[in-house]
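Below, chain A partners chain B and then partners chain C, in two separate complexes.
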Partner chain A sequence: MTDVSTIAETPGTTASTVAGAPRRRRRSNRLSPLLVAFVLVPFAVESIWVFWPALQGFWFSLTRWDGQTPPEFIGVNNYVELAGDATFRGALLNTVIWLVLFGGLSVVGGFGMALLLQKERRGVGFYRAALFTPVVFSLVVTALVWRVFYQPDGLADQILRTIGLEHLIRPWLADPQTALYAVILPALWRQIGYVMVLFLAGLKAIDPALHEAARMDGANGWQRLWYVTVPQLKGVNAVVLSVIVIDSLRSFDIVWSLTKGGPYHSSELLSTYMYSAAFQSLRLGYASAIAVVIFVLALAVILGYLVRAFREEA
Partner chain B sequence: MTDFDPGRRRFLGHLGLAGLGALGAGSLLSACASSASGPAKSGGSGAVTIQSNLSSPQAKTAIEKLVENFNKLGKGTASVNTIASETFRTQLPTYLTSANPPDLYTWYAGSVANDYASKGLLLDVSDVWQGLGEYPQSLKTLSTDAGGKQVFVPMTNYWWGFFYRKSNFAKWGVQEPKTWADFLAVCETLKSKGVPPIGIGLGDTPWVASAWFDYLNIRINGAPFHRELLAGKQRFDDPKVKAVLTRWREVLPYFDPKGKAYPFQEATTALLAGKTGMFLIGTFFADAAPKDALGDLDFFRFPIIDPAVPVAEEAPTDGFFASAKSANPAGTKELLKYFASVEAQEEYVKSSSGIVLPVHPKAKAADSPLVTKGKAMLESAAELTQFFNRDSSDALQPTADTALTKFMDKPDQIDAILREWQASAEKVFKG
Partner chain C sequence: MIRKLRTGTFHTGMLLLSLLWLGPVIWVVVMSTRTFDDIAANGLGSLPHSFTLDTYRQAWVDGGELRALINSLLVTVPSVLLSLALAAVAAFALSRYRIPGRRTILLLMLAGNLLPPQILLIPVQKFSELTGLYDTLWALITVQVGFGLGFYTFVLHGFMRDLPGEIQEAATIDGAGPGQIFTRVMLPLTRPALAALGALSFTWIFNDLLWAITVLRTDDRMPVTPALLALQGQFVSSWSVIAAGTVIAAVPTVAVFLRFQRHFIGGLAIGAVK
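Showing the complex of A and B:
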């Protein structure tokens, strides 16, 4: 099967480094100098711009540092403080909610839309384009549009008023009960289109003969979906999962432009809390500790999936 | 990357910032990377570079005009580099610690400047102050660091107050309140007429709530306690601070409920449209007001609560400090002297068209009843404070935003909120 190579060849994901290394070692009995150059030059560049700063981040997480005076080593104090920090716990919980809702719904929505729009019919291109359009906008622009939508007496309130649900009206982004969900919605609006495109590509790659054969064997639509389509999409699923997890954990711009994590930390994610700890409170050591937690979370979810994928392949 | 510092500490620092992004959020990477690239700056001792956060069109024109005039004087040359104010705020430490920093910065007097001075980042401008004998002692104290030298040169200040439309107050049949009891009565009258009495704008600009905290604190506990509290010498869970929020709670029902959701700019629009009665805000809000509304605007000072407490007013002072590493300290000081002069400040006030007061006692402010009234209010005040973040630090401001927006939502949890506030403030003070 080719599913692992799909991951390895997806640029820019953590998976590519993780999945690529062991494969390369297995094959490399004789290395051409050109190949070595192709590996080593990007590796050197990555080392300077990615690996070294990442290691630095680990080091800073063990220090107290305001960005102006030299960092001061304080051991694991930052992590101890994290454990007792209610805001951090809230942000962690919100990040999990975000991962489940944003991740889950964008997979369900994206897959559903891909199934609906996979058949070539007249005008289907228009719908695909319409769903994909939000991906083209910068998230900050998206946030501006949605803010107008949510503002007092804005479109959201007007719609509710028209359908007689006035009692539901509230300051969507300023109410701690609704702020997080009001931010997830625009993020989903964008992500569904993106995930749809990934699934559409996957669906196109499925050999129609498989469906044909299943139909001959008397499988109904659901059975074909569950026993033919879904297993065939395994490779795409890995990509989608990586994209979803990484996008969830790095979701920052939309939250920052809509609520800045407020009101009083109720829509705080780990990423926004890290930013405000670093650049508002100027506690770069503490922020680095939060960054390490984000890194570990991302790694855990993705490695978990990759290990399973490898095992199934072996 | 023109001023990328070869020094090891900064080098590691920049990488560390980038590391935060690489570890956590890819989207942050760009923000962090930009912190490594400083302003474009021509080296040498030639032109003095001003890093300016005055990015609103009029203020930008005004500062450029001043620099143009300075260049004509033949005492040196200067150039302005205008940066969006939010970027400026977050990048300022990076500017100051870089190896080849811009010479002069627009910023705030008081504890913020003092903080940088204590790290040895600011140029000693005591000799500029020797020529500023006409300036009041209060401004000199404000510009002096803990070590006793002057590090700041003020140019303008402005005031905060309850702004309202004269025509609307006349229509509703209410007068400017002087005391807290009067104030409550005005609120009650407006509410009975179906107008939300007190406008506020906390969505995106939650720091506006700090004005309420500052004023109630300086009216109830006095300015010295307020300053000590903000410097970490008093506690936020002190009963005196609780008294502030308890008093505030009395007027919470009069706040515009929509104020939580929109920023102060929209709260301004609401005030001008007569959708709220009055609005505690600094004069900068009028930058966004249409010209025809300006003549109808008036303000009153925050009502007196305890007549025994000396009256203090918020008068945030803007001006300049210079980098200790300036390549051209002599030229920088010449420019500072010019900014401190009567003609420069009058020119600035004239071309900025905003409601600001020149700090030079002899410089004439704009000729409008509103400005005259504001100037008189500040002159009659026994003490001046700056604003929450200026009297403490930008790092403490978010703790106030969290505590105060939460208080306005859940006023029955005052004790818990103050405990949390104290805990998060301690983290900021400890670093």
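Showing the complex of A and C:
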């Protein structure tokens, strides 16, 4: 980054390299006010709407607050209460299940689809487009599409009846045993196409000569996948991993539109629990503490992502 | 022979999978044209026995989708333009000049975008109340700009950094200042990245639910995504109207996607390969 970031340092003609030295000194001494504004204005906007609120969020998590009277400092009491809150523990467990099932299956599914559809051949464009279509829908649209599907006597029940499995029929979204999984399915349906596109881009960047060489050495399809493709995708894997973990922890829309976390908190995630604690129970301090837990979970991933970005920049 | 068999298996399998992906969508589109009586008599899972477009009128007028779509566009278009403009100038300064601490600034901005929005919801709502923006579209616009900026800046920075330095150098020698270099030289070269990010951010902001229900309260001001949830409450069990509302809410992003298809997919891939 450093060697292209200033024009003075850009390798160019001899003349400009010679001229570069004094210019560099002048630039580092005084930046044009316009450039300062170019950086400061966007940074200030983000500070107002992101950095400052984030700091406030931590402070609120140490208070009891109903939003009307001023917040009252209560130390770590909210966190103590969280530890004994069965709903919170359920939501935490569901969030982990969500992370594993939604995250894991969308990586497996997306990678599988990318492998199947990486070669340009007849029909591939159509298949890719079909898998990608739901990505452009909002999660609320996705939720409504699947709600129709899950309705009593809807398509899901009709299909089960046709293949003779009517004893399995149940109110998919209203049964605490199935609600969480009935919400994960539409989320996966939408995510797989997205992950596929990320992997397709990664696969395209792999030098075909590597595969050719492996084939010459007698490696079979699986060996080439495992020893050539997967290691070559290291960069993409890191991105996909971060995207998936962050998306999982952020997941809110689809659960909110389908079940609002119910029935009996059976599909509650930390994000939905936080929202209802804040804006329905008006326990703003307690909700902030849940938000901090989500933050801590996300932090590990973000740090990983940033460390990687940092290494690339350097 | 074996080759033919494999090709056949591939296409059969992929067609089935495509059906699994497109099927629910087609089903909803078909359902949106069925009458209430048809669904009541034959159930949601049956094939259509009727055809009507009155469901669209109901969703559009009675359900308030028209108002909601206007709200969505009033929020989305300025948000996209503003956030891309701010991200572009920041990325330009950070990638082409020796701004002290530029790497820290860039990573901090990116980190802000990666924060889980939950930590921001309560403070953002309180802040919008404090500034009198609460329950106005301006609140939603400014939040969307502030929250999206970090990511757009990061992507544009990566793009601008890789542009050749000679043109900028030549412009500098000709006496152009940073402002002119930005508008005359860098901006035209950055157009592909801007188009990709524009298409992406349009769908992200248009599809948002969480920020809208956090900073807005009045039904008339809701964009189309939360309005669709309200429609569901208003037309309980009028499934064909809900389906029509769903189709209406999906059309704008599908249109943007079809129009900017290559940019869109390219935009998603930028992050992956960078």
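A few notes on this one:
Definition applied: the second predicted complex is superposed on the first by the 257 of 314 C-alpha atoms of A that agree within 3 Å, B and C clash if a C-alpha of one lies under 4 Å from a C-alpha of the other, contacts with A are read in each partner's own complex, and residues count from 1 in each chain.
In the analysis below, a contact is a pair of C-beta atoms (placed from the backbone, for glycine too) under 8 Å apart; a residue touches a chain by one contact, two chains touch by 3 or more.
Since the model is a prediction, treat every value here as computed from it, not as a measurement.
Once the two structures are overlaid, the count of chain A residues touched is higher for C than for its counterpart among chain B and chain C.
Of the two partner chains placed by superposition, chain B and chain C are both touched by A:G57. Using the contact criterion defined above for the overlaid structures, shared-chain residue A:V236 touches chain C, although it does not reach chain B. In the superposition on chain A, A:I184 makes contact with neither chain B nor chain C. In the superposition on chain A, contact of A:P176 is made with chain B only, not with chain C. By the touch criterion defined above, A:Y275 reaches both chain B and chain C. Once the two complexes are overlaid on the shared chain, A:I290 sits against chain B and chain C alike. Of the two partner chains, chain C is the only one touched by A:V140; chain B is not.
Once the two complexes are laid over each other on the shared chain, residue contacts for A:R250 go to chain B and to chain C alike.
Legend: residue contacts after superposition of the two complexes on their common chain; A:P42 is shown touching chain C, with no touch to chain B. Annotation: chain A residues 49-50, 52-54, 56-58, 60, 67, 151, 153, 246, 249-250, 252-253, 270-271, 274-275, 278-279, 284, 287-288, 290-292, 294-295 touch chain B in one complex and chain C in the other. Of all residues in chain B, only 9, 12-13, 15-28, 31, 90, 93-94, 96-97, 119, 121, 202-204, 206, 257-258, 260-262, 266, 394-395, 397-398, 401-403, 405-406, 409, 420, 424, 427-428, 431 touch chain A in the complex they form. The residues of chain C lying in touch with chain A in their complex are 10-11, 14, 17-18, 21-22, 24-25, 27-28, 31, 43-46, 86-87, 89-90, 92-99, 102-103, 105-124, 126-127, 142-143, 145-147, 149-150, 153-154, 161-162, 165-166, 168-169, 172, 177-179, 182, 203, 206-210, 214, 225-226, 228-229, 232, 239, 242-243, 245-246, 249-250, 253-254, 256-257, 264-265, 268-269, 271-273.
By the touch criterion given at the top, residues 1, 4-7, 10, 12, 16, 24, 27-28, 31-32, 34-35, 38-39, 41-43, 45-46, 48-54, 56-58, 60, 67, 113, 116-117, 123, 126-127, 130-134, 136-141, 144-149, 151, 153-155, 157-158, 189, 193-194, 197-202, 205, 235-236, 239-240, 242-243, 246, 249-250, 252-253, 256-257, 270-271, 274-275, 278-279, 284, 287-288, 290-292, 294-295, 298, 302, 305-306, 309-310, 313 of chain A touch chain C in their complex. The residues of chain A lying in touch with chain B in their complex are 49-50, 52-60, 64-71, 81, 86-87, 150-153, 171-176, 246, 249-253, 260, 262-265, 270-271, 274-276, 278-284, 287-288, 290-292, 294-295.
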